[in-house]
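Chain IDs A, B, C and D follow the sequence of writing; residue 1 opens each chain.
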Amino acid sequence: MDKTVATLAEAVADISDGATVMIGGFGGSGAPIELIHALIDRRVKGLTVINNNAGNGHVGIASMIENGLVAKMICSFPRSSDPVAFTEAYKSGRLELEVVPQGTLAERIRAAGAGIPAFYTATSYGTELAEGKPVEEFDGKHYVRERWLKADFALIKGELGDPMGNLTYRMAARNFNPIMAMAATKTIAQVSRIVPAGGIDPEQVISPGIFVDTVVEIPNPVQEEVLFREGAVYP
Amino acid sequence: MTSFDDIKLSNAQIAWRAAQDIEDGAYVNLGIGFPEMVAQYTVEGRTPVFHTENGVLGFGPAPAPGEEDWDLINAGKKAITLKPGAAFFHHADSFAMVRGGHLDVAILGAFQVAENGDLANWSTGKGSIPAVGGAMDLVQSAKRVAVVTDHVTKKGEPKLVDRCSMPLTGVACVTRIYTSLAVVDIEGGHFVLREKLPQLSFDDLQSVTGGELKTDGRIADLAVPTL
Amino acid sequence: MTSFDDIKLSNAQIAWRAAQDIEDGAYVNLGIGFPEMVAQYTVEGRTPVFHTENGVLGFGPAPAPGEEDWDLINAGKKAITLKPGAAFFHHADSFAMVRGGHLDVAILGAFQVAENGDLANWSTGKGSIPAVGGAMDLVQSAKRVAVVTDHVTKKGEPKLVDRCSMPLTGVACVTRIYTSLAVVDIEGGHFVLREKLPQLSFDDLQSVTGGELKTDGRIADLAVPTL
Amino acid sequence: MDKTVATLAEAVADISDGATVMIGGFGGSGAPIELIHALIDRRVKGLTVINNNAGNGHVGIASMIENGLVAKMICSFPRSSDPVAFTEAYKSGRLELEVVPQGTLAERIRAAGAGIPAFYTATSYGTELAEGKPVEEFDGKHYVRERWLKADFALIKGELGDPMGNLTYRMAARNFNPIMAMAATKTIAQVSRIVPAGGIDPEQVISPGIFVDTVVEIPNPVQEEVLFREGAVYP
């Protein structure tokens, strides 16, 4: 079994117009910036993008929005230190927004990966984000029913990867990456280093390979936060 | 009613036949007992990845006697070994793999399989002690659910039936049955005979099958090596 | 209506007061911005454990400038450090901690808090860009939800109100409010004044509070150090 | 913060008659046998015990049943190579049994830990284990609604532990232990070794300390399977 591919272009080659794409990361940490930029190079359109945020500055998801790839964002927090790309597209009506509480977003993604079409949560009960959703009482407390959230593709960032697709992550860059890996039809991971099968201690695998379809090695990946602070613009 | 005991395949041979359909790189869960034998007949050059409910992906055969580590077991509580690239995870993650539809194949045993794909394999009914394990999870969610079984019970009664009389494990879930006499698919609510032992006539096979066997005209010989 | 700008506590002083109520060993989530300051005033000898939504338990203060690792940040995207015994986990596990009721205290900012405990802190209403983050998760599930806030808005309008006019973050969730003028509990659908700046009369405080302030007879002085 | 205690007796001292107790392990692997035996020493009664199985031979959970501690078992698979303790108690009517599909059992426990009072699963749809449970159709498929499963106590077995309650596990002994840790009001862990805070790499913590209340060190714990094969009887 060998899930590795040699180039970023190969890694994202299947993603086409109108796809739903989960993108790992929380702000810049864990954002698969090289995969995102490779996707921008393909100039696909009409994507639904699922991420905690909605981009910062003019790189990564912000650049996807500026370059017209994104029709809809599903996120918890579209604000950032420089949200101009999102804000302009949203205010002009070019970009649809679905705001989801962060924990509900995480749980909807995990539910998709775990075969749970719907679950109940106390989060958002009594708020406008629960409008139109079924409410049920359990043990005297009210809960809102939420649906799973699936994607055609997940672009994620790991630290180590092996040919079986097993992954580790680096510190808080883990965040949404492992659960998005579970929830997409095809999961594409960039990793800092590919090791042989057995090169990751089975105790330390965070994403077992069953959740990962493609692995591409990007040694010394750039950090979105650093690009942003340099004022970088992509492409 | 005869059970064709003299010509029927051994469990090893049934397992061998089931193994031929497991693709390279497939993620596979094998039920406790007889289905576990399928792993022994993995086709040369293919490397399926075996999953066990208790939290291991990528395990290998049993260790040599005396080499067992009882923290490293499969769902049948038998000692196993690890292959390179294995991973450990907890039970909720393990069943996320199962229930999230990430397994390519689950192969289970059966008390009865009905022509609509219903499976009964967990409880013989009132009076017995019920024990379901992961069977109900596997049959509802694996991409392909297959059964390995004798074609008839020890008493010679059909295990392929028009409707299960025993408590169900899952509804409309089985798509292929590897028996001691035949390979039967379930399509559109019918048994479709794909392969049969060449010594048996179609009528012979129908006589020990509880639902109607259909064909789409081509019935191959069920040919397996001596094992 | 006066806002008592000349005597009110600074944000640091409000944070200090909130920190006094955090018990040794408590698991604590502090909202982005002002609430984060509470960590700076941890009471000597107590070691609360701080949780951040993005998957870290047991983090410490910001590193020295230039020492940032941008894979190690908090929910506000600020660089942090780790304390011994820290742990990383993914987002679903992080919110299992929140939503499963494992956090002892969540401290958030507020636009408005109502006397029934309703909180509005995520959206100013139509026209603004909505951004909720983890606030709705935290307020419904932490064992204790507290607010740190100025007692009134910049325009001098009450932030403690009889009923929130802004979009809710959660219903009946806040139990204590640390303001620039007072400490107010929410009990049985009412504001109960616990502490106030000694320079203020009860009527002064009521005049800048949008709901009725009740007392159970004992009102302590809100005493904080110069910071 | 120091969650360690010196003795098994201290560790289980709070567990009293009628408590609901989750016990980690799958068969013998990951079974906190020393904690179980310490609980037997307390001779509490009327427990509801949640475990994948229902004991083997005359040690561990089987011994709890034989010694009259257990009023109800919630498990997926009460069979074992020697289930005599369970079988006799069950057939005599002294022991109530709730059989739960293994994945549903795991998910109900995880749901309790994650604040999800109910969720939908395809598992058991159309079977007698779904009788009386609400059924709903999502995207053309039928699902059964299941409730969370909480406990007063969880007895679990880890490999390393620290004073903060952070835990690692050993191989497939992980199984139900981390999710039970999340689902109980009080989680009590035996570990092979207690290390100082910081002695477990934050990347390798499997159960963050927030889920664990008490840690007791049992160097060289016995393995239930070995006890069973020796024909051991407790007490």
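Note that contacts are C-beta pairs under 8 Å (C-beta built on N, C-alpha and C of every residue); 3 or more make two chains touch, one makes a residue touch a chain.
Please read these numbers as outputs of a predicted model, since none were measured by experiment.
Visitor: Starting at subunit B, figure out the least number of steps needed to reach subunit C through touching chains.
Guide: The least step count works out to 2.
Visitor: Relative to subunit C, which chain has the most distant C-alpha mean position?
Guide: B
Visitor: Centre to centre, by mean C-alpha position, how many angstrom separate subunit A and subunit C?
Guide: Here subunit A and subunit C have centroids separated by 30 Å.
Visitor: Between subunit A and subunit B, what is the gap in Å from one C-alpha centre to the other?
Guide: 37
Visitor: Determine the centre-to-centre distance between subunit A and subunit D, using the mean Cα coordinates as centres, and give it in whole Å.
Guide: Computed value for the inter-centroid distance: 34 Å.
Visitor: Indicate the residues of subunit C shared as contacts by at least two other chains.
Guide: 56, 88-89, 92, 95, 98-99, 141
Visitor: For subunit A, give me the residues that contact two or more of the other chains.
Guide: In subunit A, the residues touching two or more other chains are 107, 110, 114-116, 121-122, 169, 171, 202-203.
Visitor: Would you identify the shape of the chain contact graph, picking one of line, ring, star, complete or other?
Guide: Chain contacts: none of line, ring, star or complete; other.
Visitor: Between which chains is there touch?
Guide: Contacting pairs: A-B, A-C, A-D, B-D, C-D.
Visitor: Could you pull out which subunit B residues touch subunit A in their complex?
Guide: Per the touch definition, subunit B meets subunit A at residues 24-25, 27, 47, 49, 51, 56-58, 82-89, 92-93, 95-103, 141.
Visitor: Taking the touch rule as given, give the residues of subunit C at its contact with subunit A in the complex, in rising order.
Guide: Those residues of subunit C that touch subunit A are 52-56, 69-73, 77, 88-92, 94-95, 98-99, 118, 123, 129-137, 140-141, 167-171.
Visitor: Touching subunit C in the complex: which residues of subunit D?
Guide: 1, 110, 112-116, 162-164, 166, 182, 196-198, 200, 202-203, 205, 208-211
Visitor: Across the complex, what residues on subunit A touch subunit C?
Guide: Residue positions touching the partner: 26-30, 52, 76-81, 83, 86-87, 90, 97, 99-104, 106-107, 109-110, 121-129, 169-179, 206, 223-226.
Visitor: Inside the complex, what are the residues of subunit D that reach subunit A?
Guide: Against subunit A, the touching part of subunit D is residues 107, 111, 114-122, 136, 138-139, 141, 143, 147, 168-169, 171, 202-204.
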